Amino acid sequence: MVDSIRLDELSWPEFAHKIAAGAPVLLPLGTTEQHGPHLPLNVDVVLPTGVCERVARQVGGLVAPTIPYGYKSMPRSGGGEAFPGTLSLDANTFSLVVRDVIRGLGHHGVRRLIVVNGHFENAWPSVEGLDLGLRELRRDGITDMQVMRLEYWDFVRRATLDKLFPDGFPGTELEHASLLETSLMLLLRPELVEMDKVPSDGPATFPTYDCFPVPADFGLPPSGVLAVAHGSSAEKGGWLMDDHVALMSAAIRKEFGL
Amino acid sequence: MVDSIRLDELSWPEFAHKIAAGAPVLLPLGTTEQHGPHLPLNVDVVLPTGVCERVARQVGGLVAPTIPYGYKSMPRSGGGEAFPGTLSLDANTFSLVVRDVIRGLGHHGVRRLIVVNGHFENAWPSVEGLDLGLRELRRDGITDMQVMRLEYWDFVRRATLDKLFPDGFPGTELEHASLLETSLMLLLRPELVEMDKVPSDGPATFPTYDCFPVPADFGLPPSGVLAVAHGSSAEKGGWLMDDHVALMSAAIRKEFGL
Amino acid sequence: MVDSIRLDELSWPEFAHKIAAGAPVLLPLGTTEQHGPHLPLNVDVVLPTGVCERVARQVGGLVAPTIPYGYKSMPRSGGGEAFPGTLSLDANTFSLVVRDVIRGLGHHGVRRLIVVNGHFENAWPSVEGLDLGLRELRRDGITDMQVMRLEYWDFVRRATLDKLFPDGFPGTELEHASLLETSLMLLLRPELVEMDKVPSDGPATFPTYDCFPVPADFGLPPSGVLAVAHGSSAEKGGWLMDDHVALMSAAIRKEFGL
Amino acid sequence: MVDSIRLDELSWPEFAHKIAAGAPVLLPLGTTEQHGPHLPLNVDVVLPTGVCERVARQVGGLVAPTIPYGYKSMPRSGGGEAFPGTLSLDANTFSLVVRDVIRGLGHHGVRRLIVVNGHFENAWPSVEGLDLGLRELRRDGITDMQVMRLEYWDFVRRATLDKLFPDGFPGTELEHASLLETSLMLLLRPELVEMDKVPSDGPATFPTYDCFPVPADFGLPPSGVLAVAHGSSAEKGGWLMDDHVALMSAAIRKEFGL
Amino acid sequence: MVDSIRLDELSWPEFAHKIAAGAPVLLPLGTTEQHGPHLPLNVDVVLPTGVCERVARQVGGLVAPTIPYGYKSMPRSGGGEAFPGTLSLDANTFSLVVRDVIRGLGHHGVRRLIVVNGHFENAWPSVEGLDLGLRELRRDGITDMQVMRLEYWDFVRRATLDKLFPDGFPGTELEHASLLETSLMLLLRPELVEMDKVPSDGPATFPTYDCFPVPADFGLPPSGVLAVAHGSSAEKGGWLMDDHVALMSAAIRKEFGL
Amino acid sequence: MVDSIRLDELSWPEFAHKIAAGAPVLLPLGTTEQHGPHLPLNVDVVLPTGVCERVARQVGGLVAPTIPYGYKSMPRSGGGEAFPGTLSLDANTFSLVVRDVIRGLGHHGVRRLIVVNGHFENAWPSVEGLDLGLRELRRDGITDMQVMRLEYWDFVRRATLDKLFPDGFPGTELEHASLLETSLMLLLRPELVEMDKVPSDGPATFPTYDCFPVPADFGLPPSGVLAVAHGSSAEKGGWLMDDHVALMSAAIRKEFGL
């Protein structure tokens, strides 16, 4: 028997067997987006996928294929759509993808689902996709699906952040392509990280509003790294991953009574 | 420098550099769908991705992230949506995904694109997504993008098919989870294939029409294998892959003047 | 009493009476599309309508109004949208039309429906429209509608094809505006056929892929006739029509237990 | 040469020739809707099509295929969707159909278009479809298309109405399946009219508002005939048709400078 | 306790209390549209809101927030979109807004709803929004919502119109920014009316059809006042308001059994 | 002349005059949502409207009608859709409204726009609506529109927050119906605030994830007040308003060069 925590590596009878046994499914939401000159475009796919695979092992879950094209990058949280290689969907498109996948999972018997977001801007359209999917399932007579929706980076201990940022945590939005993501990539895919290319043109100094078009003095570092990536290490990535896995697993066990 | 034929493994400056140099981009279209008791759900992701990576090396191209959720499976070509683990999008959703990704590629300077379909039912909604994407690009002033769209399995020599099917080729639609796909999976991901589970309830004996709902005597093998998978081998997969890569590369070189 | 096999020629009480008695409804899907210099733009309306009317008489059915604008013509199966007079809908539009009509039929009590496609490219968006329509009907509490969906040209005996194509049948896609369609038009609407204008620039020599834009050497005959129309006759049209009517009627009787 | 005022009876070269010569195109908008026990469901297809064909002969125009499924019937103007056989589209679906057909006509060179509505409720969604179609054409660089949009029944002389309704014209909305439509059907398709079934349960006595659901005392005649059909005749239909053709032709000549 | 006939001025417990007690809700539909040089852009918001507030007091109802952006202005009934300050939604957008608000009201227990239109062109897309909203509610198991839909100006006594228009009522469509609307604004918001700017370039002399683009001789007064506003007065506004409130209240009491 | 900072209180010639002179337009985005037992449902309409009117006076701007139905309330930032009286739109609907209004403003010559959000959950769908609107305007040839998009509550001095929250600011999300909003309502609409009903069941103790459905122990105060509203005062509202107006006005002047 081919066993796997990857839903898509199972045959359909194996999938049916595990779902019938109550396995929770983790659905990672990623995107293809610039992450500075030192990181590849797939950071937001690699990281939530890696987190989900580790959590799945803890909770007896399955990881569905990661959605690789997400919602549009905004200048203040991801640099924006103008950076080469950022490939995004309209909000409605992204929400419909989430809706359809959730509807399909529900029809195939999945009753415990964790939607794990790995790209800041996906947050709201994933909420909408989830709401639309559950609405459709209710109309199809499926009313007992339980869903958690989260950003993996919110599962970190205060002490870990303090250790990582002795001078204070700059906040999630600015962490784009910075210390947290770079350290996690060094842990998971070090061959794709070029620490010698880490830029020093940050951190960003954004105003408290968006501008269209983005003015020249908007405070956006030309590198696309919004805070600081210097000092990243696989060890730090390990601290983060340990937190993400432990805290997410605990939350899932609590909510799903596992 | 991290070099890769995978678009998403590049940093944004590397991506920009390669696109500016004229690199063609291959976009694989897959899905998550039952492929019998001996194959995993990810066959239609693994195969077009594997083909694209090999073709990209031949033509100096880049492979964009594979779309992992495709259009709905139909009983006569994929077994249908009722098989556990088949996760599909509505046609409009799928077309919008293709539209948005193509629009994004166009805005980032891609002018040579090959859309490589790996799931039978994706064919028409991918045509529509492509048409919508190019329509939007024209309205955005981008009129010089060249696109090829193809099913990878159509790139095979008559002689190869004759060698594989001495008694005659049953046709593309019925080949679902059968000799061709099983052999290619044995070539690319043998650890996910369980030859001892290859069923013998085929081939399908469909009528010349669709039925909703599917009647009991519709001729659909309960295993979901529409033709015959016995006799599959990695060697046969190699014959196919050689054809796919050689013929697709030649076609791309011809159309794009490479 | 005005009696008719045309649904739209009945008054509403007559319609209600026949549906309550279990009459199956045939819904022809056509389009307005180039069919070479010798055939009118309405071939894909005339032919499925004509077939449906004859089948309706055999099975006690009703023919709903033919949808006259279908999905976009593709170069490899219909010549493409660039030919003058080809008037098509976006895929989503076409699917919504099919969805809405099916929803309406279901709400008015129709429980046996046959969707009869007469335009190659309508196939997949009609599947989607049907799926969407049945999904909505289920949500409205209507779960017992039976639907068949077919292309009329698939209902032909092997012997008939052998008689029509002594040198081998070129396949459905290439038959656009060629021997089959021309012969059927000579049977049904001979006054609209100009045999003296049958072109000789075919058959098409397409590659195994689509190209956008269509290159000059794509193998598309300038006339829009993809194979060969010489030798067409009303007699041959009669052979085809006999097959279509006999085989479709038999299939309908079988599936609907008539 | 097959000549015809029906656009869809021309071959594509003939279509191209006539459009290049400036022929205006008339697009009739119909529906499939109850019209009382004495009239068929196709009244709103037959009448605008008949008017358009006669006008086309006057102005050198072409008649495009009539859209056979229109917007939903409302109780106060058509009896409502509950009457058997009324088959309608959602407003958005109908508008998208109109949009797509107009976009197609524009891309094929049509610069003079008359959208001729034959179903009361189509009026507003046809305006929207037209607005969307012209908006898209402008974005495609086509800015010189001239369009007229009209209800054919508005083209009647005061004197004719006075002759038809010596006691006063009840107004367009209530004329559903009544004197005007019945007389025109007696002119165009008398074999589909059953004068012996003309009901006497009208006229409707509607309040000045819509109700959902329709209450029992809403004033809707059970027959679906909203005013009075007694006294209809082919002669009266002729008076109306003469007005429609003369006044519409004059208006088209004026607006398009023919 | 803050009491109010404005739904949005209540706290959620007060709202819940009143709805549980069976309060009908009035939903005014307005827009932002040119109303000549003497009236503000908000006429179609002020008037239905004012009417609804008065009716609500009569019937124990609540007034929901007025939708301030409506469907597109047409030249023959509102002057058209080209007039500065006319801010409109696509028909589908407007219908979706109406759908969503009605769905929300239904989910919160509202079972008696009156949709009160104050902008001519909103009529049909509001019907569609209502139909879509009720369809969704039915699928959510809510089948007992009663809805009335009306244009407030239809609630006027014949005698009042005769008093206001001794020479005959020109009809609703042409009354845009004319005597009725100006008089009602003088009653409700006199500080926003500039009677010295009432133009004399009307009434409009439209043909019986729409034209795109609008030709120079279309009969549209440059001021945007389609009929005549001279002679307007708050007193006349009072006559109208008295009728609107009395007749609407009576109709609501009748239909909802209050 | 009727002068006003409210766009909708101007006549169309006045609107045209001010826009031609370069007036910036402020578009407030609100919603109808529970705000605890002591505040009305219209808080998110009253507050951004009040801020915009004051800012408009500072910068010579105009305030467009506030959108009164916004995106769905989420439990962790607004209590959620289950609270009575919360009336929301689907994300796509809301984005289309924003798109259409922005497109209309652009077509009427507005080149300086500030989208002012007053409801937390509106943030992302307003970004999407803005992106869609500007995309359409570019396709219509309008490329010089400048837009700012902001949440008004982000325009506050650190010192003010320190003065308001001596024990530390709990963060924007939890401030729903709490000290900030209550104080601003006491400033703007004190008659709608019932301080004696301020609840003490907060603050919320949410986990770091969403749950569907919301579990009983989710930490959501039954009152819907997410933090603490005790201690609110009009004076504190004045401090906030002063900051909002001063900082927003300064930002607008900077970005638009006023």
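Labels for the chains are A, B, C, D, E and F, by order of writing; each one numbers its residues from 1.
One rule holds for everything that comes next: a residue touches a chain if its C-beta (ideal position, glycine included) is under 8 Å from a C-beta of that chain, and two chains touch if they have at least 3 such contacts.
As the structure is a prediction and not an experimental result, all values here were calculated from the model.
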| item | value |
| --- | --- |
| Contacts common to subunit A and subunit F (chain labels) | B, E |
| Chain copies touching (subunit B, subunit C) - same or different residues, decided at half shared | same |
| Euclidean distance of C-alpha centroids - subunit A vs subunit E, Å | 47 |
| Centre-of-Cα separation between subunit F and subunit E, whole angstrom | 26 |
| Residues of subunit E whose C-beta touches two or more other chains | 90, 92, 139 |
| Chains touching one another, given as label pairs in label order | A-B, A-C, A-E, A-F, B-C, B-D, B-F, C-D, C-E, D-E, D-F, E-F |
| Interface residues, subunit B side, partner subunit A - complex | 1-2, 4, 6-13, 15-16, 19, 32, 34-42, 45, 64-69, 81, 83-90, 92-93, 96-97, 99-101, 104-105, 107-109, 191-192, 194, 197, 224 |
| Complex contact set, residues of subunit D against subunit B | 139-140 |
| Residues on subunit E engaged by subunit D in the complex (per definition of touch) | 71-72, 74, 90-92, 95, 121, 123-125, 127-128, 130-132, 134, 145-151, 154-155, 207-213, 215, 247, 251, 255 |
| Subunit F partner contacts - residues on subunit D that touch it in the complex | 138-139 |
